[in-house]
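I've put the structures underneath this note.
Shared chain: chain A. Partners: chain B in the first complex, chain C in the second.
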Partner chain A sequence: MTDVAINRSTVKRRKRGLARKHSPVKTAAALVLAALLVFFFASPVVWIYWASFKPSASLIGTGTQGLVFTFENYKNVWKNDFGRFMFNSLFICGISVIISTSVAVCASYVLSRYRFAYKKWLFGFLVLTQTFPWIVMMTPLFIMFANLDLINNHFALMFCYVTITLPFSIYLMVGYLEALPRDLDEAALMDGCSRFQTLRHIILPLLAPGIVATATYSFLLMWTEFLLAIALLTKTSLKTLPLGLALFFGEETVDWGAVMAASALTTLPALLLFLPVQSRLVAGLSAGSVKG
Partner chain B sequence: MLSYSKDQRKFVLLMLLPAFGMTAAFFLWPTIYNIKNSFTDLSLLGLRDGGRWIGLDNYIELFNDSDFKKVVFNTLFWLTFVSVSIRLVLGFAIALFIESQLVRRLRLTVPLRMAALLPWATPDIVAVTVWKQIFDGRTGAINNKLVEWGFIDQPIVFLGDPSYVWPSVITIIVWNGLPIIVLTMAAALQTVPRDLYEAADIDGANSWIKFWHVTFPHALPALAVLGLLTTIWTFNNFIYVWMSTSAGPGTFSNVLATEVYLQAFVNFKLGLSSAIGTFMAALALVFGIIYFRYVVTKRFGGLM
Partner chain C sequence: MESAILTSKYPALELKNVEKRFDSFVALQGLSFSVPQGAFVAIVGPSGCGKSTLLRLIAGLEATTDGEIWLDSEDVTEASAGERGLAMVFQSYALYPHKTVRENMAFSLKIAKRPKAEIESRVAEAARALQLEALLDRLPKQLSGGQRQRVAIGRAIVRKPKVFLFDEPLSNLDAALRAETRVELAELHQRLAATMIYVTHDQVEAMTLADQIIILNAGEIQQMGTPKELYSEPKNAFVAGFIGSPKMNFVSGAIRDATFESADLSISGLGQFASGASTLGVRPESLMLAEKDKGIGQIEVSIVEYLGDESVIHGRLGDGTPIILREKGSVEFNTGDRVSIDIESIDALHFFSPESGERIVPSPKSPSRG
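Coming up: the complex of A and B.
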């Protein structure tokens, strides 16, 4: 009863707070500021999609201006192997995500539930690999893979993508696992489940939302990865989307229409995947667990 | 923790091995190889012959080189310090604005959050691409408008003019990296207990006092974590500078990440490039250790 009473009074007070008069000057200033912010954040993204449907000539101010729309840019990038790049990206990132997330679930389960020596060192190692500048590894990796004859090999890149996403996947997943009660594991083990069965049948279903968020984030990281891809893939037909996008800058004059269409195609999957998990990521970030 | 039994050790090892085996192979070997190369004069053209052992010569060359000092300054000051400070201050201010009563009453909170999500979901390489077009010296949107409105006679080559290049690169980084701060800080502000404000109201506190004594102390931990992470990501980033200016004009906007690349793949000096990389990794290590000690240990300390 008292709870309800308190709640009601808070609601009343809040309503009063909301109804408090703000001066018209303040309101106008807030409206202007909000409009400016929306413009600053949204206009470049809107511009990508808008410009991707404009004739290239009109983007550099020479062709017809005004409301002319065309699919020419998309046809153009398609002709220049962009479908191929997209397929390569989907193939490499898709397989890598499955491997990376499965391996991460195993490691994080043990890190979260079992006591053993040197655990602090393992955590420390994971964190340091997260903060390591990847550019430094470009040359050694290139030489290593060249010696193994693995340049222009998609599986070599997959190996890289699995390992670069593992540390933060484990870190995120340990966080999600910590939110699941330990009694569950203990009860399952008592009832005669093997350790692996406990993970597979008791923990995994409960961890599903966390797994989805982690996998999505890994996928986004791989989808936009540029450095390792450029070091390991030199053959055009094997390249991934970010490399394909960079290819359109290669020539003396830039075909902005094609670049915008390529940007639009690279961003769209990221946008669609990102929006559903963003609130989870925001929650994880203040705990320091997401790579941006 | 689960009770100890005989098969525990086997299970733990089996579950950890794939993850840590792969990570170790991927990170440790290149790091060691890189350190080894930094003591040689290995060249990209003479990979097969290997390099000659030259001791600390590469490092001595670097620390006597005034150009290298400028690269370090560019990295620490412009790329990292300035861009991170702007993002933290602006991001926190915008979060306060988004979560303010006035904005909530105007029902603008959700539209503002949605708008902020767009740059965050944009890959860094695409962000640079679109801003390059906006900044373009001949046909970019900003130059068009500035000329049209009569502010300037001649278009400005934003990414090619020393006096504009850092502000322009930082604008790109801020656009791409501000939303993560705004949205995380907005979420953090929602967790400040309401009754603290009510208590402050009863004590007759003005909004400035409420900010310093209630809001700010509650927001500080999240702001510190974000500051640290953003610093690490920006310090390590190669894309922003390389894709927008290629370290130019000349080497004016050169940073450590692009210098590693330039020495290795433009000047073919793999030994020197490795020394720069080792130096860069050592700096990143400092950030990493701070992050581990103050963030990870705090969060998962009970597990270790």
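Coming up: the complex of A and C.
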């Protein structure tokens, strides 16, 4: 048989050739547009981090210390138990994301790969739950958890977070699974794998971009959730980051420096957790598995 | 390479009245056949005839609705795909994209918890047989189509399966590579002496590779036999039309007084065939050009394909029935020319019932040309 190895240099040359076809004006316009977009989206975040190192007074225009750099806001925030709120958020969101994503992987595998009665109805119902405004469930949920003596219990919030993120997580994951050829599952079954081994050895590694995307969606939704948390957690020591952030807004005065430092600290874990894995979101792992 | 054939007195594979339904749609019905040990059986048929479903039933990837599947002396109807001890080469190759060639080939043995030394030696053996040694550490995306195909075969060989299943394995290769790989598969079958079931829609692949061919249409077996049997003694018009390239010519007419008459053809000397309406079937290679106004009739030439050693002449009878004939060497015709045709021998003619399509078997009387 003829060995026709992929010629990488040819591919690179072709790519360069394609790039050369664009006119310099168009390229410059695209770059300016991209820079504007980056500025538009990044400037509030940059401003938060910049402002978190400024004295509060300078932020509302009354102070004159334009170039003063201070850690005072962070010290202030830390003194107000912000570390505890961060731990609570990490604990609740971490466990909820693991449960939600694990259940979503298994459920979406069944929905994608098995044939059973009323599958379309079940999937439709899952999507339908997303159209239901969950704010209307607040009162019944509060009564239910009060009856179960689960108010001021992290388990209640985890339960809610897993429940509200699951339908869309499953929906997302089914999309990723549908893009993976079924022949791979069948090849694994022929190779002697059970369904679980197929999922573990073949599907999960290929589903990594989908898992990262789904986990990111769930984590960010939980990390910034306010309404359920404020209803179910009243003890200060149990509160999550969004509730902790709200504590800096006094009834009459607001410590804007502390708010900026708390906001910076709130966004930091999400950035640290997901920046390293974001490249996996677009990884084309399934290339070369099937014909072509 | 060690032979995968089992010294068993039982057929390698046997299907007994197998049926497959998807809701109300009957995909396969009443399938019964057996495959001897070491045979190369091709399952052919048009798209949607159920051939891939049949292979998936044998593989255990689909459950039968009714009937039994036996491997050697064991009823495996209820067994899972992994328990059946078969290996399958998929049309898409289905290589695991995140595993190297070596890992792809070793995967089934790892799942079966075989000792590491045995896994290594079996992978090395298969890689040597398929000239994959230099590619063992590459990922599938770094391989060409032909190389991926060989890895898929290697993955099957490593398992030393009871039966190899091939699902249109050559359909993604270009024509030259397909012909090359076809020969390699035939050599592989000889070397391994293993039982192979090969699904294809390409009757040329089936004719060249298989010891036995099963022709499927609309979920039913039309005929099972050797390539020669199917070619020279087709059971019905479907089989006759499916086997052979170019296709058999069919002309509607009737036999009366030992003579077949259609609007444009007349063939006498058919005493061994009963009188009545019938459809004549004659292969392009059994027709030949005749001198003007001689032979069995005339056609109007529509196109001539020159293939070097022969020419394929496409034409039509007066009533529009298409006729194809093969002639050695080159011929000089223009579109619209009328040429006379003849048959090589009455033995090469087939007659089919216009109602059922079944072949009308001649009575055992020595044929004579009138």
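Keep in mind that, in the parts below, the second predicted complex is superposed on the first by the 219 of 292 C-alpha atoms of A that agree within 3 Å, B and C clash if a C-alpha of one lies under 4 Å from a C-alpha of the other, contacts with A are read in each partner's own complex, and residues count from 1 in each chain.
Operating definition for what follows: a residue touches a chain if its C-beta (ideal position, glycine included) is under 8 Å from a C-beta of that chain, and two chains touch if they have at least 3 such contacts.
From a predicted model like this one, the values you see are computed outputs, not experimental measurements.
Between chain B and chain C, B touches the greater number of residues of chain A.
In the superposition on chain A, contact is made by A:163 with chain B only, not with chain C. Legend: residue contacts after superposition of the two complexes on their common chain; A:119 is shown touching chain B, with no touch to chain C.
When the two complexes are overlaid on their common chain A, residue A:247 makes contact with neither chain B nor chain C.
Using the contact criterion defined above for the overlaid structures, shared-chain residue A:205 touches chain C, although it does not reach chain B.
Using the contact criterion defined above for the overlaid structures, shared-chain residue A:189 touches chain B and also reaches chain C. By the touch criterion stated above, A:215 is placed in contact with neither chain B nor chain C.
Shared contact residues on chain A (touching chain B in one structure, chain C in the other): 186, 189, 285-288, 291-292. Note for the complex: chain C touches chain A at residues 59-61, 80-82, 86-88, 90-98, 107-108, 111-112, 131, 139-148, 150, 155, 159, 172, 177, 180-181, 184.
Within the complex, the chain A residues that touch chain C are 1-6, 181, 183-184, 186-194, 197, 201-202, 205-206, 285-292. Interface of chain A with chain B (complex): residues 10, 13-14, 17-18, 20, 22, 26-27, 30-31, 33-34, 37-38, 40-42, 44-45, 47-48, 51, 59-61, 103-104, 106-107, 109-116, 119-120, 122-141, 143-144, 146, 159-160, 162-164, 166-167, 170-171, 174-175, 178, 182, 185-186, 189, 195-196, 223-224, 226-227, 242, 245-246, 249, 256, 259-260, 263, 266-267, 270-271, 274-275, 278, 282-283, 285-288, 291-292.
Residue ranges of chain B in contact with chain A, taken from their complex: 1-4, 7-9, 11-12, 15-16, 18-20, 22-27, 29-31, 33-34, 37, 47, 94, 97, 100-106, 108, 111-112, 115-127, 129-131, 133-134, 138-139, 141, 144, 175, 177-180, 183-184, 187-188, 194, 198, 221-222, 225-226, 228-230, 232-233, 235-236, 238-239, 243, 256-257, 260-261, 264, 270, 273-274, 277-278, 280-281, 284-285, 287-289, 291-292, 295-296, 299-300, 303-304.
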